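Heads up, the next two complexes both have chain A, just with different partners, chain B and then chain C.
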Partner chain A sequence: MPVAFLNFMEVTMNGLMAGVLYALVALGFVLIYKASGIFNYAQGVMALFSALTLVGIMEGQVPFSHLINAILGTEIHHFGWHINAFFGILFTMVVMVGLAYCVQRFVFRHLVGQEPIILFMATIGLAYFMEGLGDLMWGSDIKTLDVGLPQGGSLAIENLTVGLAAEGARYYGMYIDKLDMVATVVAAILVVALVLFAQYTKQGRAMRAVADDHQAALSVGISLNFIWILVWSLAGFVAIVAGVMWGAKSGVQFSLSLIALKALPVLMLGGFTSIPGAIVGGLIIGVGEKVFEYQFGPMLGGATENWFAYVLALLFLVFRPQGLFGEKIIERV
Partner chain B sequence: MFYREAGDFKTSYSADNQTFPIRFDRYRYYLVLFVAFLVIPFIINDYWASAILLPFLIYAIAAIGLNILVGYCGQLSLGTGGFMAVGAYACYKFMTSFPDINIFFHVLFSGGVTAIVCVIFGLPSLRIKGFYLAVATLAAQFFLVWLFNRVPWFYNYSASGQINAPERTVFGIEVTGPNTEAWAVYLFCLVFLVGSAIIARNLTRGMTGRKWMAIRDMDIAAEIIGVNPLTAKLSAFAISGFFIGISGALFFSVYLGAVEVGEAFGINKSFLVVFMIIIGGLGSIFGSFAGAAFLVLLPVLLKNVLVGGLGWPTDTAAHFEFLIVGALIIVFLIMEPHGLAQLWRVAKEKLRLWPFPH
Partner chain C sequence: MKKTFVTAVAAMMVAAPAMADLVFPSLSYRTGPYAAGGIPFADGFADYFTVLNERDGGIGGEPIRMIECETGYNTEKGVECYEATKGEGALVYQPLSTGITYQLIPKTTADGIPMHTLGYGRTSAANGNVFSHTFNYPANYWDGASGAINHILEINDGNIEGKRIALVYHNSAYGKEPIRTLEELQKKHGFELTLLPVDHPGQEQKSQWLQIRRERPDYVVMWGWGVMNQVAIQEAANVRFPMENFIGIWWSGGDHDVLPAGAASDGYKALAFHNVGDDYPLYDDIQKYVVDAGKAAGAGDQIGTVVYNRGLYAAMLTAEAAKEAQKIHGVSTLTPAMMRDGLEALSMTEERMIGLGMPNFGPTFEASCENHGGGGRVGVVQWDAESKSWSLISDFKPTDSELIGALIEADSAAYAAENNIEPQCK
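Presenting the complex of A and B:
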């Protein structure tokens, strides 16, 4: 096989894996949007917050230590213990459920029946709030997150693919990150688990009922409050997974919250209400931007990844306003 | 007692239709103009100009522009930062290509260029609505910032990739460059702000504004009663873009002087202006002023209290500021979705009786 083709394949593979990570974030959006009609801009910051919390818990940092030091003039930083990754993630989940409760209790309960755009704005406010809270609690320095996931390129694939190129061609095999492969597997498991949960459990069924019609769900005795807390907790859980993956990949830092912005075009492509849509959209965006950057990036001055996803989604929407798998938008006066 | 319409008789249609029909409002407006034009320039100093007044004036123009699009026409845009960048770079290109023309016209022209760009990115709004449109405008934000970063023509092939405002004068007084006087730049921006506010106010209470509001309230219904959605939406994008372009041009040329596009016109700038109009009040010109003033003053105030008063480290204070701004947005949406403008309206209602009980 010619080297150019192999390179192209490598780019596509990497794009697919990046797409899986986008899809992970987009999933959280879809969950909340389906169940409550809230377009949750704060999903990316939730991923950042959960990753920060996980690192903080594992390292035994004192929450708000900078604030406490500033007010009381003390010099505290760490409790001095280390917790392993499993319990760390468990505690983080507890924190995210608590957060879900607070969000529901103090913000969205007061905004029931408001226009969607107001709810969207509220989630932007929430994003700012959580960003400030996360930095205030755990400090804003870049942290490394190590939960025992493999790092670096996979040697096996590199060796395997060297043989594909023609003899004597200067080809050294494909570089594929082990972490990306793990992320792909985890994302697949997560999606299957979510679908099973939604289809076959009592709570899942109630969740779908709420997504279908709030009023009807209320009238058959489903507690909207409970379902919304559940949904936000689930989104928090997805955020932890996304946070762990991205955090292990590029360190826990502010830019983590920007992946939420990347998830938006993914959603637009896939449709806001469709879980498979989020996955397919993620893959399309991931592959699309990597391939575009590979083919046309050098010609256009590079870093086209910044905007390609948005422009693609924009052009796509002009022809299909509800996205690939979204429900058809019907408007009546 | 002090604020009332009793005894204020109108004898002509034009008197009845004026912007401030109540006499007290009118006098207050003249007083504000008097203070802004004839008092502040004499007492202004560099700190006040650069920390509070200039950002306030410039952001207020951007907020008026965005308020026309979001508050009056109902098309949510998250691309304000990108459009401000268009204004800034257009102004830079005009300033360097045509140095003989007065900078006043450069700023106006860059507003025009931004209006055109804004219309192009507004075209999808005819098909896409609501959130989808908001996300689509993000395409503008990221694409434009990337464009100004990567295409050397826009920054005149300078090595640093920055753009620097050359020195330009109005009536022989410098308004851009390093040697400006605080009062001169203040007045220069003020003229644009007052002009924008008057134009916006008159547009929104005329037929154009009513069309926008009809589109905002329900676009299909508006179309049925004879509002052309194409012209209504695109005119909102154009006029909004014009004001946002002016504010971007002023932000670059008068306020900052040197700009690195990703830093000055990033996504955060878009959100900042959106927050201004939410806190100030959607669909209100006064709200744009109030929101801009609030979000310009808040960080300065917090910084003075937390860093200056309590001695916190600056980074902790900055995080705390994020927390406060986020919480304020939520509180405002819950307590007063119509923003500071609504509070002002309520206060005026109360003032009609005060200090008497009935």
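Presenting the complex of A and C:
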């Protein structure tokens, strides 16, 4: 096979994998928007907060230690334990459920019936509050996240594909990142689990009912408060997964919250209300930006990925404003 | 009435700046996406002044007052910090951001307050004839580009013709700084240069590293910042690019840049204009007068890290310039104009650094009215992942001053023409 074709395939495969990582972030947005109509600006910060919490718990870091030490004059930093990743994730889930409860109890419960723009503004405030809280709780240094995820290219795939090129050609086998492969499997499991939860459990059906019509759901005795806590908790779980995957690449640091920027074109393309839309949107954006960079980047001076993702999303919007899988908005006069 | 008058006077005494102090503002960023780099610098900067205050009673008998203002690495906030603190009797500014530096060059010049941008900011500010109040010694970005090529020349016995070098850079004014110099050096030494921009923030670099894997350049030079550094080092390890052939600028060479990649970052190199580690007599004083006394800045957990040392070094140069100013003018209290004279008269010799308890901590250089950039000497440090430490593997060596001098001359001449600036040095 020609090397150019093999390289193109490599770029496409890596684009698909990158798309999965974008979709992981986008999923959190979709869950909350679908159930409550809130565009959660804080989703990126939730991923950061969950990753900070996970590292903090695993490393036995005392939360708010700087504050405690400054007030009490103590020198407390660590509990002295190290917890494995499984229990770390479990405890982080508990924290995220607690956070979901607080968000609902102290913020959104008081904003029921407000305009969507007000709710959006509230999530902006929430994002900055959580960023500050994360800093105060865990500090702002970069933390190494080691949950045992593999890193680096898969040698097996490289060895398997290196022979596809003609002999003597400058081809080193196809590069597929092992972390990306794990992310793909995890994302697939997550989506299947979310779909099963929504389709076959009582709480899932209640969640869908709320998503369809709040008033009707209330009239049949579904607790809006409970459902919203549930949805924010689910978004918190998704944030943990996204935080772990992205944090494993770069360490856990405050710029992790900027991964939300990667989710926006995915949402524009896939629609704000569809879980499959987030996945398909992520894949299209991932492949689109990587292939465009590979084919046209050198001619345009490179670094085309960020803006091209948005151009691609805009192109889709022109023809389908609700996104590929979004619900068509019909307003009757 | 009398009581009101006394209260008012007391209030004024509290509110008015203590003009006798030597005031050094620290425009720091301890919060936000770049905090990991801002905290150690701010800690080192503060701790050096604390040790001088506690051990020596300040500089020349005058206590030092450091005013810290949080910029969040945001240019607007940085300018606000400048405006808010300049009335406090600020003697010299360290904006710690290229963006803030560009905004403050005209302001500080108009206000007559000097600014020191150590290893960042506008490179052509090295020309004191045009930039009367800006100093960027001991080295600038163009020295960095030349230093990287010099190191590659050194390990290739002086011949890099036909070698392929890729520049992975932050797609911003900062990241583009070395391109012109590298292009000129490319003509001179005959290497091939590939430019690979990475968009802010640099969390996703798969395309760039796939290209590096396909094209297999001999060396990769990086001009990164923030998360871009950690991701690049991890991606380099992922594609099995040899770390000893991967050289970052000094802002890509902090402990926090290499630690997340763990063992995979072993052998990574970075340029340097100051030394590393804490094996210096001054650190004993820091332990005694700062740490043990409970006066360490921040959490006190950054001492000896690369960027902490950079903050310490910035404060050290500031303090030495203040001593020069006191000597020149024969007074202990200083004005910004006197401080500027001190910055221009600064001469860092090895004897001076030994006297400060910091032998071979930085390159030797001599500033002057024309030369605000120092000698442009650059070293190379290498990371040992096992011991989690950097070591200086190439001493501070001269860079291509002929080539860089011409570039500085051309750029500063253009700035002078745009702003109607007459040469200030007679």
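In this text, the second predicted complex is superposed on the first by the 329 of 333 C-alpha atoms of A that agree within 3 Å, B and C clash if a C-alpha of one lies under 4 Å from a C-alpha of the other, contacts with A are read in each partner's own complex, and residues count from 1 in each chain.
Assume a contact is a pair of C-beta atoms (placed from the backbone, for glycine too) under 8 Å apart; a residue touches a chain by one contact, two chains touch by 3 or more.
Just so you know, these numbers come straight off a predicted model, no measurement behind them.
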Fit or clash - chain C, chain B, common chain A: clash
Touching partner for A:D177 - first (chain B), second (chain C), both, neither: second
Partner chain in contact with A:N306 - chain B first, chain C second, else both or neither: both
First (chain B), second (chain C), both or neither touched by A:N7: second
Contacts of A:L111 with chain B and chain C, given as first, second, both or neither: first
First (chain B), second (chain C), both or neither touched by A:G251: second
Touching partner for A:M130 - first (chain B), second (chain C), both, neither: first
Partner chain in contact with A:L264 - chain B first, chain C second, else both or neither: first
Chain B versus chain C as contact partner of A:L67, first or second or both or neither: first
Which superposed partner A:T144 touches (first chain B, second chain C, both, neither): second
Residues of chain A at both interfaces, chain B in one complex, chain C in the other: 66, 132, 135, 140, 258, 301-303, 306
For the chain A and chain B complex, residues of the former touching the latter: 39, 66-67, 70-71, 107, 110-111, 114, 116-118, 120-122, 124-133, 135-136, 140, 258, 261, 264-265, 267-268, 272, 300-304, 306-307, 310-311, 313-314, 317-318, 321, 329, 331-333
Residues on chain A engaged by chain C in the complex (per definition of touch): 7, 10-11, 14, 18, 66, 73, 132, 135, 139-142, 144-146, 151-153, 170, 172, 175, 177, 246, 249-251, 253-259, 262, 290, 293-294, 297, 301-303, 305-306
Of chain B, residues touching chain A in the complex: 76, 124, 127-132, 134-136, 138-139, 141-143, 145-146, 149-151, 218, 220-221, 224, 267, 271, 274-275, 278, 310-313, 315-316, 319-330, 333-334, 337
Residue ranges of chain C in contact with chain A within the complex: 30-36, 39, 171, 195-201, 203-204, 206-208, 210, 213-214, 216, 226-227, 230-231, 234, 237-240, 256, 259-260, 262, 264, 294, 299
